[in-house]
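Next come two complexes, and both contain chain A; in the first it sits with chain B, in the second with chain C.
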Partner chain A sequence: MFHRLCWLAVLTSLLLVISLAAGCGSSENVREPVKLGGIFDITGATGDVGKPYAEGVQAYVKWINENGGINGRTVQLVDIDYAYKIPQAVEAYKKLVTQEKVPAILGWGTGDTEAMVPFITKDRIPYISGSLSENLLTVENHPYNFMVAASYSDQARVLLRWIKDNAAEENPKVALIYNDTGFGRSPITDAEAFAEKIGVEIVDKEIVDLKALDATSQLLNIQKAGADYAIIQETSNATATILKDAKRLGLDIQFLGLNWTADEISLKLAGEAAEGYIGVVPFAFPFEDVPGMKDVREGFALMGKKPEELTQKHIQGWLSAMIMLEGYKRAGENITGENIKKGLETLNEFTSGDLGAPVSFSASSHRGSSKVKLYQVKNGQWQPITDWIGYQ
Partner chain B sequence: MRLRNPFVMESGVFTTNYRDDMAFHFPVLAKIRVAVILLLLFLLPFFASTYFVSIANLAGIAVIGALGLNILTGFTGQISIGQGAFLGVGAYTAGFITAKLGLPFWLALPAAGFVTALVGAVFGVPSLRLKGLYLAIATLAAQVIIEFVIVHWETVTNGVHGMFLPAPGIFGYALDSDVSYYYLVLTACIIMTVFCFNLFRSRVGRAFIAIRDRDLAAEVMGIDLFRYKIYAFALSSFYVGIAGALWGHYLRIISPEHFTIGVSIQYLAMVIIGGLGSVMGSIYGAVFITLLPIVLRELSGLLANYLPNIEAVILGLKEAVFGITIIVFLIYEPEGLAKIWQNIKDYFKLWPFSY
Partner chain C sequence: MTFFLQLVVTGLVVGAVYAMVALGFVLIYKSSDVINFAQGELLLVGAYTCWTLVAVYHVPFLLAMAVSICVSLFLGIAIERMVLRSFINEPVISVIMATLGLSSAMRGILQVIWSTDTKTFPEIFPSAPVIIGPIAVSRVYLYSLFISLAMLVIFSLFFKYSNMGIAMRATADDQQAALSMGISVKVIFAATWAIAAVVAGIGGILLGNINGVNPSLSHIGLTVLPVAILGGLDSIPGAILGGLFIGVLESLSGGYLDPLLGGGVKEVAPFVVLVLILMIRPYGLFGQEIIERV
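Let's turn to the complex of A and B:
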């Protein structure tokens, strides 16, 4: 008994003597070169698209160092592969911020970006991630998160607006197809609210798993509900499944999809079934001859990559790095997280050579843009059918 | 009164009454060793970097979760692949209490344990009829159902939007830095470990082991299988719930994506590599799995100075190394790191006459 009391006494007293020396390391002013943190998924579950994103960031950093750096200082990218595992992402974050003292970070997934929010807010680390979840846009709760392209909700709204404007019927009938994850459900409530507002009828909602190999029953439900349009929020694999099954069933439904459904992979997987499919494309395709693409090709040449090896995710990484480092430029000499945030918030209609929609941030909004381009698959190739359009 | 010659290593345990017979017998050296280790652990933040302390926090939380899984899988022989979800139950219970009800963390922590224990007990009910692979699938159902509930029960969990949690506070001082949280995790770890050690000296703990070794024989000996299996599920889930509450309040935000089946697998790997049915093994395993990716990464960074292209190769190998580690352990040392450490100790204890 005495021993037990002894234990308790020791434990509680030690707990009470908790060190107050916990002044957590906010980013210090880094001497040359300036550092940029990266938390990427290269080997994990989303590595297929995470790796090109990471390469895009690396290429941009290489390119800008070849072209004079940031205010005459070279940029050092400290990137860590977290294999899409949240504990590893947290560990990577701690390493970047407390050891490497990076003033800002480029991240990747929805779950881990959300996990970082309290940390980045406390440590004042501006954060741009690959995730376009609407959640990250409330500035009060997410003061250091910035989004460089339209959120999933905005993308869905643009699609609904486009349907409304282009449909023959007065109240077009739309079905939503999504997966039952945070990523999949992210735009659904916003889309429903917007549809009701503009007079589009949501006739059916179907859940198709991200790894689904068959979507027949869901598609038959959609057909039964009488939908003329279906909006897909999935990744490339499930999209291809849906498109192929729809072709097999001979459905007369126009399919439209959000940005993760509209890339080179879904096109390749779906083959002929993709013909006519419309996708939201917030980042340019590498084969397009937009003004910014020259630099991109130069940058990837430095990495030893040929233009035909590039995908849209390379462009996304490139663009994210470009915008973050623009914040560095505007932060001036004293590059701290806070100054980068202020720098980013001065971005106004920042054009990246048409690699993405013009980006604006302000102190009250970190929604870089709500505009996207719509592309349609014609003759086995993605082709733009609109300019940058919004939903207003 | 124990008889002891202070100048030699102990060669046996000699006691003169039953009370002593049932007590822990720590040789003096062991006592000193434990004291030194504890002291070092408590002093760690003073000589280690904040980054190191943050790794220690992750490892500490994993230790509690792994202890919980080991009680169930290692000691009672009931496999569970629902750990990730149970972690979520703990995190969301604690989060609901602190963030939505505004009650203090010190109430939420045990509450998270008890609610998770209850949920664990419910999902443990099939264990009476199901064994081995069948039970694995039943617990997989727990994983799927709980994940579904977390995503869809939006009034409690905020669904896919996740939930922000306040930092736990003590006497007006917020435990929101790595160093302060470290003491919370460390204290919880020590209490949980000591409890676990003691558990297997008690009737309940012995019953668990009996069930693992042969359930029929255990029943013949008068152990109520159903009751003790439920106990095992509840107790294990209690640990996991505490780990979940600590994890949630460390991150300060929780969302369904934190509690996927991948997490369950990771915990299973911890107890297998650490050593099934070993308390210390859970600790070794949790620390090992937490450190493995970090060590591999640092190693690849170091090697990259000499062999420029090796980094990409090692990155690609990381997942493979994880898998290979488990296979190697299963083949060469099924009892895990705990047994390896024991073998090393035995070797030196008996050296040079190891027979």
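Let's turn to the complex of A and C:
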């Protein structure tokens, strides 16, 4: 017993000495790092796309620290995995704001971002989320939410406009396919209103569950309704199910989808059935040689990731971090939530080297952009068919 | 008419997948009165093992499937040895709680090994559908229909005629009596879990070929629990027919009720019918009717 106590004492004193020494070393003439909060889904229901998003943020922070940091200060990313559970997200938020005292946060899902709105408004924490829900864009009610790409509603509007401009018919017939969640329903009403305005007929609306194994009944109903086009608001898995079932049933319908339907996973899952599919792409694919991609590859090399391991979600995370930290840069010496907000609001046609559409914020609008690129699957590859286009 | 037939056939083949997964619940319940909440994770083990062999090591699919089945088999035995052995003669509810814990632990380990991104199988089943008259069915679903029907036959015979099957039923009925009759409950549990893990593994492999493999695949394990309850938790034909029934019901209500009621009925209809059926037959369609009168 006595021996054990002795050992314990020796160990504790050693630890104390080590930590003291470490403390001494780091306090010499080094400016305090700035903190950035992250609430990510790494192990939850959307972890398949949440993890690369989080890695994109981590890679950008690493890269900027290698390249001089923000106004000469290093950035310290404090990120928490909330496993796509809203209560855990709120808990993570409290920890980040009260204990870690982060001035701004990068978040993830639609539901948790909306649940966070009262807190971030009260605490004045600028918040960029992976969610592109139009609801977050009313500046009066969401003064601290910023959106770095076109909202789901804007994406749907662009698709409707594209259909109208490219269809042979005067009033093209379109069906909407979505899932019955906040994320899925988000663009539907706006899409219907816009369709009516520009003379596109919405002939059918169908709900396909995010985890559906089959969409036959919905697709047959779309066929019955006489749709020539169908717009999909789902995630990769359900998109692949829809495209495969449509091919099996031999439907003559052009499918188009919003950003979460148009990525590497839906392409791989759907295989041949994806041929000809058109998707909204607000963030560049890693295989594209746009100017901003050089830094991206460098950043991920620091994380030990090869270019071929990257997905479009990595780019989304990278870009979100880049824009938030641009706000830090413009906030100057005194980095507080309010100053970051003011900094972000001075962004005017901020280009990220074509990783996304040019972003502008102002005191009256946090809609970073309403422009997207459309891509089509040709020979098993996503290929751009437009430049950055809007719906005006 | 084509519309109706296409809906029914699609419902049948999708139902076959539900049936496969529900079978895993029923097998464990039938031989130990336990509802296994780790069923979804057992699905994942089969799916991930097979994916790794096929996509990373380029093993031919059938061989990979055989190896995955062996892995599932040993996993089932390992679970019995490490987790369940200490629960022999303990209340059933304790075992059920243990399966909940097992589920979280397994999910954690699986995520550490395979991460959370979606793994996609290379194309194994030709994507061209099978055309029967006016109806198109995808091959992978057709195979699952055959496999689940084959399992229906195999396991029905197994529980009815084989010594092991009879011993399993005896153990489920009364563990103490089974022990005193000289049945080795350890062996029975190990065999049960091994079989359930194999069935789940096969289900996982088929599902993985339909929609890729990621941790959310395990949720399907739980969503088919109503299928098992509908058929009667202790009935193998119940699980299979329950699965087919729910599949067809979903498909038909999707086809005919969705347009009338504005969508989303497809997901709800089975549960409404489930409640109605359970009101009339509380032990499920084919479940054993146990009534104790006082």
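Things to note:
Methods note: the second predicted complex is superposed on the first by the 361 of 392 C-alpha atoms of A that agree within 3 Å, B and C clash if a C-alpha of one lies under 4 Å from a C-alpha of the other, contacts with A are read in each partner's own complex, and residues count from 1 in each chain.
As a convention for this text, a contact is a pair of C-beta atoms (placed from the backbone, for glycine too) under 8 Å apart; a residue touches a chain by one contact, two chains touch by 3 or more.
In this text, all values refer to a predicted model and were calculated from it rather than measured experimentally.
When the two complexes are overlaid on their common chain A, residue A:D180 makes contact with chain B and with chain C alike.
Of the two partner chains placed around the shared chain by superposition, chain C is the only one that A:L269 touches, whereas chain B remains out of contact. Once chain A of one complex is fitted onto chain A of the other, the partner contacts of A:L213 are limited to chain C, with no touch recorded for chain B. Judged by the touch definition given at the top, the superposed model places A:T43 against both chain B and chain C. Applying the stated contact rule after C-alpha superposition, one finds that A:Q233 touches neither chain B nor chain C.
In the superposition on chain A, A:K205 contacts chain C only, with no contact to chain B.
Of the two partner chains placed by the overlay, neither chain B nor chain C lies in contact with A:S151.
Of the two partner chains placed by superposition, only chain C is touched by A:K244; chain B is not. The residues of chain A shared by its contacts with chain B and with chain C are 42-43, 45, 180. Note for the complex: chain A touches chain B at residues 7, 11, 14-15, 18-25, 42-45, 80-81, 83, 85-88, 90-91, 94-95, 98-99, 109-111, 114-115, 117-119, 122, 135, 141, 180-182, 185-186. Listing the residues of chain B that touch chain A in their complex gives 42, 45-46, 49-51, 54-55, 58, 62, 148, 151, 159-162, 164, 170, 173, 175-180, 183-184, 187, 190-191, 194, 251-253, 255-258, 262, 266, 290, 293-294, 297, 315-316, 318-319. Remark: chain C residues 3, 6-7, 10, 14, 17, 111, 115-118, 120, 123, 127, 129, 136-138, 207, 210-212, 214-216, 219-220, 223, 250-255, 258-259, 262-264, 266-267 touch chain A in the complex. Those residues of chain A whose C-beta lies close enough to touch chain C in the complex are 42-43, 45, 47-48, 50-52, 180, 204-207, 209, 211, 213-214, 216-218, 220-221, 224, 236-237, 240-241, 244-245, 247-250, 265, 268-269, 271-273.
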